[in-house]
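Paired with subunit B in one complex and with subunit C in the other, subunit A is shared by the two complexes that follow.
Up next, the complex of A and B:
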C-alpha cells in the first residue's frame, strides 16, 4: 500500500512537467527546490531536535559554489556535485561551535550566520558583490546543455527524490535511532552509547548538503545569483514549510513546500491584478505565512501529514 | 552475555559550589558482584552513580573499569566499554516505539554509521537484524514482549522503568548501574525486578544498585556500601552492615526500616 502510494505520487509528479502550461514550470521547479531544502530542515528539527533559522544560507553557499565554479570553467555537473560538499563543509565549520547552543540560542545563531553570509556576498567582488554573479552557464548533462524549464523540472525532481531517499534511510537506521533518541533525552542517549555531539554535527552537515544541492540547481536554472536572491525570509519560509507539512515525517517537507508555494503563488496572482495597490503582493504573502502558521500551530500542531495519517487511521 | 567487569573507584570527589556531594570515595567491585549502595537523602549516592556512568566528571580521583581509566571519558564512550545505566527518572525516548527505544541501547556495541544506512549496505541489514533480535530478547526478559510496537511514552510508569532496564541490557553491559530501580514499583513488579537481578547476577554481570529501599537491597545484594554526607561510612555483607552501630546511628536510626 505504502509502496503503491509512493509510486503513484512519483508517476503524477513526473507527468506534471509535460502537462503543465509552460508559464507554470518555474513554480514547479522552485517548489521542488524548496521541498529539498525543507527536507533538510525537517531532518534537523523533526528528528535531531535542532532549530536552524539560517538554512537558506547553505542554499546560497551551494548556489554560489556551483555558480562560481561554472563561471571559472569547471564542468557544470561537477559544479553541481561540489555545491552540497561545500555547503556541508561550511556547516561543519560553523556547526562545531554553534551546536553547543540549544533551542532559541541555536536558532538565533544560525540566523546570524545567514546575515553574515549576506553581508559577505554583498561585499565580495569575487562573488560579484551587490550586483551579483552573472553569466552562469546552463547545466550540461552528457554534453547537452539544459535550456528549457522541463529539463530543470526533471533535474529538480531527481534531486528531491535522492534527498528524500537519504532522509528515509537515515531515519530508519541505527544512526537515525540514535539521533531521535538524543532529541528525546540527551543523557539517556549518551548512556546508550550515542555520540550525541558528533551525530548532531553530521545531521547539520547533511541538512546543509541538501540545501546546497538545491542551491546548485537553482544557480544553473536562473543563470544569475545575487545576495538579494537569498533574503532572510527564505530561511524563515523553509521552517514554516517544515512545520506546516509536519516535522518528523519524510513527506511533510514536500506537502509543506507545495501548500506554501502554491498559496503564495495564488495570492501573488491575486495581488497583481489590475486595480490592486502596489504593495498588495508583498502584504498578502506575509499575511499568508502568518495566518497559515498560526492556523496550523493552533489546529494541527503536528502539521498536515501527521494529521492526515491520524484521520486515515480513524476511518479505516 | 559478556562476563562482568571489575570496577574500582579511587579517591573520587565532586563538589557543587564548594559543597562536597562526594568526598574521597573509594569503592571496589569484583567481577560479577552485586553491590548495594545505600545512604540517607543527600548522602551522594546519585552523584557517585553519575561519576561512574559519566553523566558527571569527578573533580579528583579515578574510576577504572577492568583496570582502564574511564573517568575522563564521555558517557557514550563508557557505554561502548560496557557500562550500562538505568536512571532513576524514567528517561524514555518519546516518538519512538518500545522496541526502538530498546534498540538504542545496543548503539554502543554496534557500529553501522550514516554511510551504511544511506546506501543500505549489507552491514546495515545484518546489524539491524542482530539489534532487533537482541532487543526482542531483552523485552521478553523484562516482561515487555507484548508492548514492543507501542509508543514508549504511552507506557505506565512501571513499564517505563522495565523499558529502561531492557534498554541497558540490550547493550550487553559488563557493569550495570541501577539508580533506584525499585522506587515507584508495585509489589509484584518489585518481585519480578528482584528475580531478574538475581538472574543477571548468575550470568556474571557486575552490578551497582543504588536504592532507597533498604530491605530490597539487603535481600539481593552480595555486599552493601553505606554513604553518608558524601563519604563511605560502612561496607560489608548485608548482615554486618545491618548490625553496624555506625550505620544504625547515622542512617537507620531508631526503629530501623530494615
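Up next, the complex of A and C:
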C-alpha cells in the first residue's frame, strides 16, 4: 500500500511538467526547491529538536557557490555538486560553536547567521555586491544546456527525490533513532551512549546540504543571484512550510511546501488583478504565512500529514 | 573629545530604545518563559500609528500615548493567542509569536503602506561640552531612565509587580498562594507591548521606521536582554546602553554601517559564552 502510494505520487509528479501550461512551470520548480529546503528544516526541527530561523542562508550559500564556480568557468554539473558541499562545510563551521545553544537561543543565533551572510554578500565585490551575480550559465547535462523550464522541473524533481530518500534512510538509521531520543531528553540519550553533539552537527550539516543543493539548482535556473533573492522572510517561510506540513515526517515538507506555495500563488494572482492596490500581493502572502502558522501550531500542533494519518486510521 | 561626547550621548539615546525593546522581552520571558518574536512589531505598530495620528493633527504627547496604549493592547492580544491555550509549550508559543510578527507585516502594509515613515521629534540641537547633538536623543534618555526606575519600583513595591515576580520565580508556588499565573502572563505581555511601543514611538524621529524595522529592533533588543539571561530588566538596560554606545562609536570612528552586524556578533559571543559556562556547571551538578 505504502509503496504503491509513493509510486503513484512519483508518476503524477513526473507527468505534471508535461501537462502543466508553460506559465505554471516556474511555480512547479520553485515549489519542489522549497520542499527540498523544507525537508532539511523538518529533519532539523522534527528529529533533532533544533529551531533554525536561518535555513535560507545555506540556500544562499549553495546558490552562490554554484553561481560563482560557473561564472569562473567550472563545468556547471560540478558547480551543482559543489553547492551542497560548500553549504555543509559552512554549516559545520557555524554549527560547531552555535549548536551548543538550544531553543530560542539557537533560533536567534541562526537568524543572526542569515543577517550576517546577507551583509557579507551585499558588501563583497567578489559576490557581485548589492547588484548581484549576473550571467550564470544554464546547467549543462551531457553537453546540452538546459534552457527551458521543463528541464529544470525534472532536475528539481530528481533533487527532491534524492533528498527525501536520504531523509528516509537517516530517520530509519541508528543515528536517526539516537537523534529522536536526544530530542526527547538529551541527558537520557547521552547516558544511553548516543553521541548527541556529533549527531546534532551532522544533521545540521545535512540539512544545510539539502538547502545548498536546492540553491544550486535555483542559481542555474534563474541565472541571476542577489542578496535580495534571499530575504529573512525566506527562512521564516521554510519554517512555516515545515510546521504546517508536519515536523519529523518524510512527506510533511512536500505537503507543507505545496500548500503554502499554491495558496500564496493563488492569492498572488488575486492580488495582482486590476483594481487591487499595489500592496495587496505582499500583504496577502504575509497574512497566509502568519495565519496558517498560528492556526497549525494552535490546533494541529503536529502538522497536516500526521493529522491526516490519524484521521485515516480513525475511519478505516 | 567633543566628538566622543556627541557619540556617547547619541549612542545612549539609541541604546535606550534597544533597552526598552529588550526589557519588554525580559518582562514577558521571565513570567511566561516565552521569547516573544513579535516584540519588534509592537514598536513598529506604535510608531506607524503615532505617525498617522500626528498627520491628522493630534498633538504630540497624545499621539505617542495612543501609540503606546495600542501597543500594550497588541501585547495582550499576542499573549492571548500565544499562551491562551493551557499547556502551550514555550517553544510552540515562540513559533506563534513569529507568526504574529509576520501578521503584523500584513496589517501594517495594508493600513500604512510599505514606505518608510517618520515624524518630527523634539526640535533643535543642544551643545553640551562642545558637542552638538539632536535634542531628541536627550529626550529618549530622559524618558527611558524614569521608565526603568518605575519598572523596578513596580516589581518591588506593588502587589501586581510582586505577583509577576512570584510567577517568574516559581509558577507552581505562585498558583498555590492564589495567583492566577495565566492572567499574570497576559499582564506581562501587555507590559512588554507597552515597553516595545514606547521604544518605537521614541526612536522613530531619529530612525525612520518601515514595516520590517522590527528585525533590527528585535535583534538589538534580544542582544541587550540576553546579557542578563533574559530575566533581569536592569541588565537589559545596561546591555542596551552599552550596545547603543558601541555601535555609534564604531560607526563614528570609521566603522561604516556595520551597527547591526556588531550587535549580532556580540549576541552570538555572549550566548555561546553563557552556554559554555552553563554546560560546565550542569556537568558538575549531575
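For the reader, a short list of remarks on this structure follows.
The rule we apply is simple: the second predicted complex is superposed on the first by the 316 of 316 C-alpha atoms of A that agree within 3 Å, B and C clash if a C-alpha of one lies under 4 Å from a C-alpha of the other, contacts with A are read in each partner's own complex, and residues count from 1 in each chain.
Note that a contact is a pair of C-beta atoms (placed from the backbone, for glycine too) under 8 Å apart; a residue touches a chain by one contact, two chains touch by 3 or more.
Just so we're clear, the structure is a prediction, and the values are computed from it rather than from any experiment.
By the touch criterion stated above, A:116 is placed in contact with subunit C alone, subunit B being left untouched.
In the superposition on chain A, contact is made by A:279 with subunit C only, not with subunit B. Touch criterion not met for A:258: it reaches neither subunit B nor subunit C. Contacts of A:176 after superposition on the shared chain: subunit B is touched, whereas subunit C is not. In the superposition on chain A, contact is made by A:166 with subunit B only, not with subunit C. By the document's definition of touching, neither partner reaches A:39: not subunit B, not subunit C. More residues of subunit A are in touch with C than with the other of subunit B and subunit C.
Of the two partner chains placed by the overlay, neither subunit B nor subunit C lies in contact with A:225.
In the superposition on chain A, no contact is made by A:153 with either subunit B or subunit C.
On subunit A, the surface touched by subunit B in one complex and the surface touched by subunit C in the other have residues 187 in common.
Per the touch definition, subunit A reaches subunit C in the complex via residues 51, 53, 97-98, 100-105, 107-109, 111-112, 115-116, 119, 187, 232-233, 236, 239-240, 243, 279, 282-284, 286-287, 289-291, 293-294, 297-298, 301.
Here subunit C touches subunit A in the complex through residues 35, 81, 85, 88, 90-92, 94-96, 98-103, 105-106, 109-110, 113-114, 215, 219, 222, 226, 258, 260-261, 264-265, 267-268, 271-272, 275-276, 279, 286, going by the rule given at the top. Those residues of subunit A lying in contact with subunit B across their complex are 166, 169-170, 172-178, 180-181, 183-185, 187-196, 202, 206, 248. Those residues of subunit B that touch subunit A in the complex are listed here as 53-55, 74-76, 79-80, 84-85, 87, 91-96, 100-101, 103-110, 112-114, 116-120, 124, 127-128, 131, 164, 167-168, 171.
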